[in-house]
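Take a look at the structure set out below.
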Amino acid sequence: MNQEHLRSILQAVAEGSRSVDSALTDLRNLPYEDLEFANLDHHRALRTGVGEVVFGQGKTPEQVAAIVDRFVEQQGRALVTRASPEMVELVRQTHPDARHYEAARLLTVGEFPAPDPQGPFVAVVSAGTSDIPVAEEAALTIELHGARVERLYDVGVAGLHRLLDRRQILWQAAAVVAVAGMEGALATVIGGLVSVPVIAVPTSVGYGASLNGIAALLAMLNSCAPGVSVVNIDNGFGAGVCAYMIVRNQKCE
Amino acid sequence: MNQEHLRSILQAVAEGSRSVDSALTDLRNLPYEDLEFANLDHHRALRTGVGEVVFGQGKTPEQVAAIVDRFVEQQGRALVTRASPEMVELVRQTHPDARHYEAARLLTVGEFPAPDPQGPFVAVVSAGTSDIPVAEEAALTIELHGARVERLYDVGVAGLHRLLDRRQILWQAAAVVAVAGMEGALATVIGGLVSVPVIAVPTSVGYGASLNGIAALLAMLNSCAPGVSVVNIDNGFGAGVCAYMIVRNQKCE
Amino acid sequence: MNQEHLRSILQAVAEGSRSVDSALTDLRNLPYEDLEFANLDHHRALRTGVGEVVFGQGKTPEQVAAIVDRFVEQQGRALVTRASPEMVELVRQTHPDARHYEAARLLTVGEFPAPDPQGPFVAVVSAGTSDIPVAEEAALTIELHGARVERLYDVGVAGLHRLLDRRQILWQAAAVVAVAGMEGALATVIGGLVSVPVIAVPTSVGYGASLNGIAALLAMLNSCAPGVSVVNIDNGFGAGVCAYMIVRNQKCE
Amino acid sequence: MNQEHLRSILQAVAEGSRSVDSALTDLRNLPYEDLEFANLDHHRALRTGVGEVVFGQGKTPEQVAAIVDRFVEQQGRALVTRASPEMVELVRQTHPDARHYEAARLLTVGEFPAPDPQGPFVAVVSAGTSDIPVAEEAALTIELHGARVERLYDVGVAGLHRLLDRRQILWQAAAVVAVAGMEGALATVIGGLVSVPVIAVPTSVGYGASLNGIAALLAMLNSCAPGVSVVNIDNGFGAGVCAYMIVRNQKCE
Amino acid sequence: MNQEHLRSILQAVAEGSRSVDSALTDLRNLPYEDLEFANLDHHRALRTGVGEVVFGQGKTPEQVAAIVDRFVEQQGRALVTRASPEMVELVRQTHPDARHYEAARLLTVGEFPAPDPQGPFVAVVSAGTSDIPVAEEAALTIELHGARVERLYDVGVAGLHRLLDRRQILWQAAAVVAVAGMEGALATVIGGLVSVPVIAVPTSVGYGASLNGIAALLAMLNSCAPGVSVVNIDNGFGAGVCAYMIVRNQKCE
Amino acid sequence: MNQEHLRSILQAVAEGSRSVDSALTDLRNLPYEDLEFANLDHHRALRTGVGEVVFGQGKTPEQVAAIVDRFVEQQGRALVTRASPEMVELVRQTHPDARHYEAARLLTVGEFPAPDPQGPFVAVVSAGTSDIPVAEEAALTIELHGARVERLYDVGVAGLHRLLDRRQILWQAAAVVAVAGMEGALATVIGGLVSVPVIAVPTSVGYGASLNGIAALLAMLNSCAPGVSVVNIDNGFGAGVCAYMIVRNQKCE
Amino acid sequence: MNQEHLRSILQAVAEGSRSVDSALTDLRNLPYEDLEFANLDHHRALRTGVGEVVFGQGKTPEQVAAIVDRFVEQQGRALVTRASPEMVELVRQTHPDARHYEAARLLTVGEFPAPDPQGPFVAVVSAGTSDIPVAEEAALTIELHGARVERLYDVGVAGLHRLLDRRQILWQAAAVVAVAGMEGALATVIGGLVSVPVIAVPTSVGYGASLNGIAALLAMLNSCAPGVSVVNIDNGFGAGVCAYMIVRNQKCE
Amino acid sequence: MNQEHLRSILQAVAEGSRSVDSALTDLRNLPYEDLEFANLDHHRALRTGVGEVVFGQGKTPEQVAAIVDRFVEQQGRALVTRASPEMVELVRQTHPDARHYEAARLLTVGEFPAPDPQGPFVAVVSAGTSDIPVAEEAALTIELHGARVERLYDVGVAGLHRLLDRRQILWQAAAVVAVAGMEGALATVIGGLVSVPVIAVPTSVGYGASLNGIAALLAMLNSCAPGVSVVNIDNGFGAGVCAYMIVRNQKCE
């Protein structure tokens, strides 16, 4: 409820065209509506191009399908992360055009914006072959929001030349998503090379003392390079949203 | 801002004794005020008898003294937990009547309700001598809120008869606060003896594999006795508030 | 053995109708029986309306079925938590009327009290869709004990308006069970909104640094809101019992 | 090689009935043999009645069967712990009389001593139904070594009377093995009741913050009762050996 | 060394105005210089307005003073984080104009850019009084880089209205730094309110199960709100750099 | 209350020399007294030669002194573990003959039994110089209970010959206490050498990944040698009591 | 690109036989190539005899087969660690001569050097039967690089004589790889016996408090024997490479 | 006792120049002496040039001084690690020429070999200023054993060019010690650059989620570069010994 609406109610009361009781009834429910949450949610969808997202993991295919239906009805589209093949199959029964990004475990229904080919881009960098699913989750999340991505995969720091070889791309990126498991050194090395924000994503790739990604997580949190912040283990989607939020602010460049 | 106030504004507008613009200015700030938070805070103070509390630890004596001054002005009194001797000394310069409960590390300024001698009581039980400061923090928190406490100290389960000896008091309590470090078995044994809620407080008493209270905390969380819930290590104040909230609801018995 | 029985023995000895040796034999076994444990257990069942409960997890269907049989014989009914479909199937062979609350993983045999529609109620609040099984375990536990529940599901704090929208229910509750995984912030936000006890239940919902619920558990234990106590990860039953014990004490209101 | 043997070799050399070279060959291998390890191993078997044991877990049925064959040949019998059904089946192909203690997951081939009905006994106490496999592993380990066991199962401290009810047995035991998961309070309560050594065995029974037995392990290590020592989680065999070693030393009583 | 420089060397060789040996000497050092690291470092200083920073903690005052001298010589200024009073005193002997931001534990020597009053701003939000040093470290880091900050302190989520009261500022911010200890719920609540990147800073404020900030760290990593990334415990400086890098990219708006 | 007492009461009632009411009053308090706890405590003191012990750590010198006074009055003597110099000084003001075992941090008042020179002995073995305080705590605890000790110090397994050199003593011991920090391998090596119970005491000696003794604790719990059980980190007293309880049972050998 | 090449380019420019532009094109790509990474990689293959290796775990059989194809093409051979039977089967479809070392989970395609029978050797020592797969991974890694190995399996320190029995081999080794799970004491005992580098490999063999190998890892890191360094849990390959790198440097002895 | 000695004894017995009893006395002590431990220790000193070392931390100055005296008497010299100023002072009272390497916290008494200027060298590399004490401990340990060291300090990977700048030295080293705290990425980057063994030393430099060096330790254990092994946190001495043992084997190159 904006000020204009509020003023019009008061005006009607002042003019006698509306009773005090009737106005009171309207105003009683003001509090939280005027918190502008609804506006916020509306704005968020407008600005991000996607809106709310379904986290598939831990849900049944039936639950996911039902939420997808509701989102498609409300938002015109739906994005599911950590989508299992069973979820994809079930959703496709209702939405035959649902698109499955298998490596990234993403599922989309409806139209999503195409990445802006002129806009700033995010470099999504990953260390090893096994990190690619998480990297793809990040990359596609960014692209589905309408921003551009450059992928630099398999450039782990144990073979430093592979990374340095592509440093020009790193230096042109508006933000970097660094995806690595094991010792997670990639984030620090990149953080030392660029001067834009680096979103580090530890992955659960590794064994033994990798503690399912805790080792990489701790390493990234302790990065001695400034400008590095970290998301949860394997959280490619979260990193993608962070990076998109950063890059979206630069469209006018 | 309650409905009566809202109605009086609308009434004034309807009667023309107030302009739309003037009313609008008042109403613009409605949203959160009408969330009834203020009411809530007011109610809370009325019902609990105390209101907001100062957590002393990690604050400088100067910070504590300043907050105490503000609270005394607003609420007529102040309660400081984890009060150091330095804090006590500084506060007493302004409030010579400040009271220091040394064992419990509590500091009060102003009048607090006396425990109701007819009301239901909380049994505060502790295992060892070193657990007493935390137990006292809980016990006094309850008493300063106006409820009655029975103290059962030094009744650790390694000497079970000490606890069983006082079982009649346990069976009459409306709630129990169980304070123990080391292996924290006290909470489970009490939980098996009573049928009222048990608030378990692990303490950092112990060494080595007690991990500063983590061992007792884990044990209490895994209690095989129903009706046991747990607060943070050494959090006598938190347990006291929980127990008070429970016992307050029984005043009519 | 109550005092009357004791007196009658002594009386018989005084009257010579019973020998000292015969009386001695009876009294030798007095000690623990007179500890009133039996009484306690009897009272507990009377007051809670349920009695002892079977924790299904980690038991074989055969073990569960055997315990259910014994409980039904002794208590007239049985409640199994963490009941697997296999347990349900096996129990139903003997007790065709056994009831399976699938979402909550509960199994009941026999009659349970209906929730008192006039009594105080517990608000069971959960953050996400995946938290519902635990929330339902808590809610049904309360209802099967005869108390009333209001469910507020899917009101995670990342969309604060969903929770605030239903604050009136929160403010009328006699106790709150707050169920959340991931970062567990729900307990603190609710703890700041209400002035009744909040039983927080961390769930294992999440991945990576959620450490199977440890992150939520720690967050809840560190809640900066007073009145919050915590039970084990996914322990909906335990939270339900705690809340029921609290709300039962208010029936006379 | 004892001194008499050594002297006889030297004597033969002195007498010229044996050449220096021949004696040298014998003596070259002296060092470790004279460390009396062989003697030790021989003594151990004699005194313990069992000898070396096969830990089945993590081995293939083929590996286990081969080791069993070797042990039967060397020691006349074999004891396998953590024996899977597959191991039992395979061993029985060669040793049809192999005996499978299913609850305890033990497998024996050959004759073992019967428990001495007059000797001192170990009380094996367990908290819940799910702890029984570990308790049985301990109890049978003791019995297979020839010592007597009294079993006190399902006497968790949440129902203290169940344990106190059988306190006479506890007070007659020469040692106690206390088996419990979850919060592990059983060890401390028993430690406070008896004045003989208590071997505590944490089990992995529990969920969430039980951390697969770590909670019970920590609790037991922090026991405030003296005389309690602890073995690894679920290590019924180890506890059985410890208790047997203690009780064996009392046979002359 | 850019292409133009390289071309001019080759040109000189082609023209005979430079000998092959002389060119070779220049080119031998090409490899890493041409990696453009030097350029990068130069650019970084130009763009960020600050350059390299001294992390005071763990260094002696003498070490810090020496590094400050070198930085002032090279960069014209120096910024020390985690500066102890001893460091400040020593540095001031050489640089009497050194400025000490006591709450933030920062020390500066030389001129730093003033925050741009027209530029986008970062909202630095903190939960409790004890979190202020870390929040100030973040806020001043941003301001010393030349960007604008709005401070929202003492708005912990246990008193939600304090935060909601200032939501307009949150909604105008280009990025948010959320600083909180204990349960760290602040980051999630803010993440649900805004649609710009949130840099979460867990603090070591708390006790017991806060595990020196690990509880808040885990909570923030598991935030169910999108757009939240996390830095190390108490790392106000790192969060400030991240936020500055984000906000710097929006200057043209 | 023993049977004789019970019989005498009944006899008096049968004889009419005592009224039923008077007898009833006596018998009402029977339950726990007849639990024989008092007897147990009495027996414990008789058999162990010491009785209850004061754990000094975490207590004030005043608290310790007061408890010592009470113990001396009740038991004729007192034993304080983890006694600080301040405690010693204060206790000596009242008990000038108090004896301070400095290395072991023990304090005794009154007469303690001398070790039986003919009895079985406990071998107390320690790895390094820094482990000696814990080893001495164990050794003196055993001796003060009246059993004999052989000390084998500084025989860490990195110099295996130092341990093997003294293997004869190990092979004659009735029990072994193995004290080691760092990697705690001593317990396993000894466990493989002897066939009597080994009580392993991890110490907090070490740094970094020793995690204040957790590394040694875990190693000892995972010992591949049978017959090893473990007490808390640095718990020399607990190990001493365990070992004494074992060795006491062998006096008749 | 070495100096000679650089000089020849400059010479050609000086002589006019090459244009500035053509030279520039060559030199533009100098930076990282001249970092001598390519040389390094070339050298590494030459010296180690193997080159890059495929870590199979976490990859699909298809991914592994594709990488094997590329490696065979580039390097003439391929080595896959943690190869699953599915990977072996798929690779064999293209490379029928692929060799599967089943116990070690290694897969090779193409010719590898035979171990030098005259060269120094590495002693690979393992504690238990279940440690053999990791030990074999280390041993074969060394042999496939062309160095000699002596295997000492099943020599855990709980039966010290088994290890001491083979001490001559240990004393002749140029390096030792010590593989052990559970309490990991093997590394320390060996470290005390030899004066060459010991590479310790903790394994995940064990249960309960072994924490999947963390206990052994910590023990090995805290080894009180000098000359011991540690690799990740179950990392037989890594230990093999370390040992090979050490032993390769001794060929001229 | 070698074979020659053994033969000479037997010869004397055969020749009658020695009695059987006299020979027996000699041979009775054979067992462990012939284990060649003494020889080993002798060899170790000869080969390493240093012999046993005193770990100062956790010892009193008096203990250290006493051990130093004994070592000087036995070995002609002594090396103390983690020497406190108090230890230095006390040792100097007896050994005025004792040398204190303050940064490395080492103390030496007597003559040590000078590093061989022609021998292979170890590159000791450290990331930050605060890592220098540990790096110096490693470097001096190597030099005091007689091997050569090249120091590359302050070359953390956040400024990659600083490390690459000195890559020639890295490529000539016979082994590398990589010392780093925080995220410990240095070890992996170096491991990718060289083909000699890298001994990684995590340091406790850092704060918060560095967990006193655990983060760096885990990162190093998970290094994706082959040839990296790890020692305990801050264990510069251990790394130095490892590196020296490696480099000593190359002297003939």
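Order of writing sets the labels: A, B, C, D, E, F, G and H. Residues in every chain begin at 1.
The working rule: a residue touches a chain if its C-beta (ideal position, glycine included) is under 8 Å from a C-beta of that chain, and two chains touch if they have at least 3 such contacts.
Owing to the predicted nature of the structure, the values given are computational and were not obtained by experimental measurement.
Enquirer: Using the contact definition stated above, find the chains touching both chain F and chain G.
Expert: Both-contact set = D, H.
Enquirer: What's the minimum number of touch steps needed to get from chain B to chain F?
Expert: Between chain B and chain F, the shortest chain-hopping route counts 1.
Enquirer: Compute the centre of every chain as the mean of its C-alpha atoms, then state which one is farthest from the centre of chain E.
Expert: D
Enquirer: Please decide if copies chain D and chain F contact each other with the same set of residue positions, more than half shared, or with different positions, and reply same or different.
Expert: same
Enquirer: Of the other chains, whose C-alpha centre is the longest way from the centre of chain C?
Expert: Centre of mass proxy via C-alpha means gives H as farthest from chain C.
Enquirer: Starting from the mean Cα coordinates of chain D and chain E, work out the distance between those two points in Å.
Expert: That gives a centre separation of 60 Å.
Enquirer: From the C-alpha centre of chain B to that of chain H, how far is it in Å?
Expert: 56
Enquirer: Roughly how far is chain B from chain E, centre to centre by C-alpha average, rounded to an integer in Å?
Expert: 39
Enquirer: What are the residue numbers in chain A that touch two or more other chains?
Expert: Expected reply: 32, 35, 159-160, 164, 193, 208-210, 214, 217, 221-222, 226, 232.
Enquirer: Pairs of chains that touch, anyone?
Expert: A-B, A-C, A-E, A-G, A-H, B-C, B-D, B-E, B-F, C-D, C-E, C-F, D-F, D-G, D-H, E-G, E-H, F-G, F-H, G-H
Enquirer: Spell out the residues on chain E that touch chain A in their complex, using ranges where they run on.
Expert: Contacts found on chain E: 35-36, 40, 43-44, 47-48, 53, 164, 167, 171, 174, 193, 195-197, 199, 217, 221-222, 226-232, 237-239, 241-242, 245-246, 249-250, 252-253.
Enquirer: Quick check: in the complex, which residue numbers of chain F touch chain C?
Expert: 3, 6-7, 10-11, 13-14, 16, 19-20, 23-24, 27-28, 30-32, 34-36
Enquirer: Hey, which residues of chain D end up touching chain G in the complex?
Expert: 32, 35, 37-38, 57-59, 63, 67, 202, 204, 212-214, 217, 232-235
Enquirer: Quick one: in the complex, what on chain F touches chain G?
Expert: 127-128, 156-160, 182-185, 187-189, 191-193, 206, 208-211, 214-216, 218-226
Enquirer: Across the complex, what residues on chain A touch chain G?
Expert: 129-130, 159-161, 164-165, 205, 207-210
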